[in-house]
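Here come two complexes built around subunit A, the first alongside subunit B, the second alongside subunit C.
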Partner chain A sequence: MNKIILATTLSIALVALGGCTNKSVVRYGDATAVETTNISFGSTDLQKVAGQMTDSLLLSPVVGTLTANTRPILFVESIKNKTSEHIDTESITDSISTKLLRSGKFRFVDMGRVAAVREQLEFQQSSGLVDTSKAVAFGQQVGAQYMLYGNLASIVKSNKDQSDVYYKFTLRLMDLKSGLIEWADETEIRKTKEKEFVSW
Partner chain B sequence: MNNKYPVMLVLIVTGFFISACKNVPPVTSGIGSSQIAPGQQYSKHLQIDNKQLAAKLYISDIKSRSNNDFLQLNLTLTSRYKKSLQLQYQFQWFDQDGFAIEAGKSPWQALELHGMQTATVAGLAPSTKVSTFSLYVREVPEKFFKY
Partner chain C sequence: MKLITPQMSPTVSPILLPVISPIILTLLTLFLFSSNAFADYDRNKAVPVEKVLFGAVISVRNINQEELIKDKNNGWHTFGGALIGGVIGNQFGGGSGKDVATILGAIIGGSVANNRHNQPKKVVIRLVELMIKVEGGEQFMVIQDYDKQMVFHPNDKVRMIYLANNTVRIDKQR
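== the complex of A and B ==
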């Protein structure tokens, strides 16, 4: 009798423990929350870099002078990825340019869409489908006055118990007329991953 | 009589495993403030939603000023806990009618506060139309599941 009780209890225990595994649940998460899934460059790092660089630029006394009576026109040159990871640096520049544009202090020209714009203007001018009196003419665009460019570098170190990654993001604003760097700043991120004892 | 002990042991172990093997939602409450206008006394707007965190951490100062037409904030946090705290903080921005500006887009920023450390973090309004702000600080949840 006792063997039956023991066997039944063990069976229940196995079923209960088996139920603990192989469960996957889909949830919507907070896109703005701090993300610590792994040590690689993540959404929190992107948001921090974009936020701090935008804040620093908007608070700069030089930029205060530049934007006092006008909205300077910027173009963003690509951010050079000098890290050992594959990082979509265009996503960082997109965030920075969007924040700066929405601040109302700057205007941007998009060099990544020059070919598409040219194609559209050629279509308007020479396809014969668009009223030429209303077609947008060539040679009326406004050029950028300043160039925003930068680097993302990293130093990675690890041993058997710990991994450490240090990111440094540098951004500069150059006056295209004079070649002078009007503003520069850098921000740092350190992330570590350590082995921890499993706790119940 | 003796045969009862293995059964009890199995039951206890099973109960232990079952209780440990569950999805534990992270604690996401913390300390923060309701909407504060520049110049207002911040201490009257503080709110504590998590007393355990409030025992380890307090907001020791909030400064605000206008810089290049933007509202600039300095939030000073002080730890009264001997160990490091893994925190995240967020600012929210509102216009003069109390409408949220860039609602849902203000990211949580990570902050490691060492034992008994006082740290100041900065925030800048995303628009020149911001007239009030609120802030919130909570711990970074490290474990979502217990096994």
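== the complex of A and C ==
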């Protein structure tokens, strides 16, 4: 009898416990709110890196001279991810190039869409469906004058009570004609995680 | 967890509960254990890195290795020597005339399928053998766990991450 009571109590406790933890709620949040779910590279880091780099580039005196009378054409090469984490670096460059485009000082060519453009032009030129007098001809695109590229590196240190991650994001702007690096800057992010002995 | 939901209804008779409770316990146990049976690489964790090489996959070969379990008790590290020594065939071995450095990657033993129905101790380990050409032109053969979250194909752009614990892991660049 005792065993039955024990089993009943146990199962009720389990069901009650399951009921408490099983609830999931969906909410909308602020996309720019500081996110501290864990120590890994997150949305706040991405926004910080993209924001600081764009501000630095736009405020740089050299870039001021470059963009004085013209809107230079840029292409984004890639951001080399040298961390242990699987980070979508294209998302960082997307944010940077969007901010730069919105400033109205630069224009961009997208190397990631070359194949799609070629396919469309081939369709216009040789499918027979498009009016040839109005079709976009090959060989009329404008080439990039500058290349934007960079690195994302991290240093990780941890012991049993504390972890420390240091991210360094470097971005450079190279003049394709002369090969000179016209502008460069770096952003640092330091994140630490400590065990809190008293928490409420 | 959803499987348990019907038993949470208040209409269940108290007499039935002792009968149901072992079922709940079994379901719960099954859930808890099944979630960890096929662990994949934790690629979103910030850990120390020694260096990163960038390159592309030349070829991929999936390996199901049954014998590997023999040495699991002695640690993968010691077994690594035997593995490189030719337990697993090198897909470009022999005639190519080119020395390819073979690296035993960060094998976590996560993708282990235990078929205990046939033989008690027979374990199949799913590995993947990746031929990688890095930007400097050098080629590496890396053997690591098959991870269903990140399946490699030829021409995939990859990163070869030398982790600080003397292991190597291949990740896709994007």
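Everything that follows uses one rule, which is that the second predicted complex is superposed on the first by the 175 of 200 C-alpha atoms of A that agree within 3 Å, B and C clash if a C-alpha of one lies under 4 Å from a C-alpha of the other, contacts with A are read in each partner's own complex, and residues count from 1 in each chain.
Assume a residue touches a chain if its C-beta (ideal position, glycine included) is under 8 Å from a C-beta of that chain, and two chains touch if they have at least 3 such contacts.
Not measured: the values here are computed from a predicted model.
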Touched partner set for A:R102, first subunit B, second subunit C, both or neither: first
Touched partner set for A:V63, first subunit B, second subunit C, both or neither: first
First, second, both or neither for A:M174, with subunit B first and subunit C second: neither
Partner chain(s) touched by A:A144 [first = subunit B, second = subunit C, both, neither]: neither
Contacts of A:K80 with subunit B and subunit C, given as first, second, both or neither: second
Which superposed partner A:V34 touches (first subunit B, second subunit C, both, neither): first
Partner chain in contact with A:K48 - subunit B first, subunit C second, else both or neither: first
Common interface positions of subunit A, toward subunit B and toward subunit C: 10, 12
In the complex with subunit C, residue positions of subunit A that touch it: 4, 7-8, 10-12, 14-15, 18-19, 22, 39-41, 78, 80-86, 88-90, 154-157, 163, 165
Subunit C - residues contacting subunit A, complex: 1, 4-5, 7-8, 14, 17-18, 20-22, 24-25, 28, 43-49, 51-52, 54, 159, 161, 163, 169, 171-174
Subunit A partner contacts - residues on subunit B that touch it in the complex: 3-4, 6-7, 10-11, 13-14, 17-18, 20-21, 23, 67-68, 70, 72, 88, 90, 102, 104-110, 122-124, 126-128, 140, 142, 146-147
Contact set on subunit A toward subunit B in their complex: 2, 5-6, 9-10, 12-13, 16-17, 20, 25, 30, 32-34, 36, 44, 47-48, 51, 54-55, 58-60, 63-64, 67, 99, 102-105, 198, 200
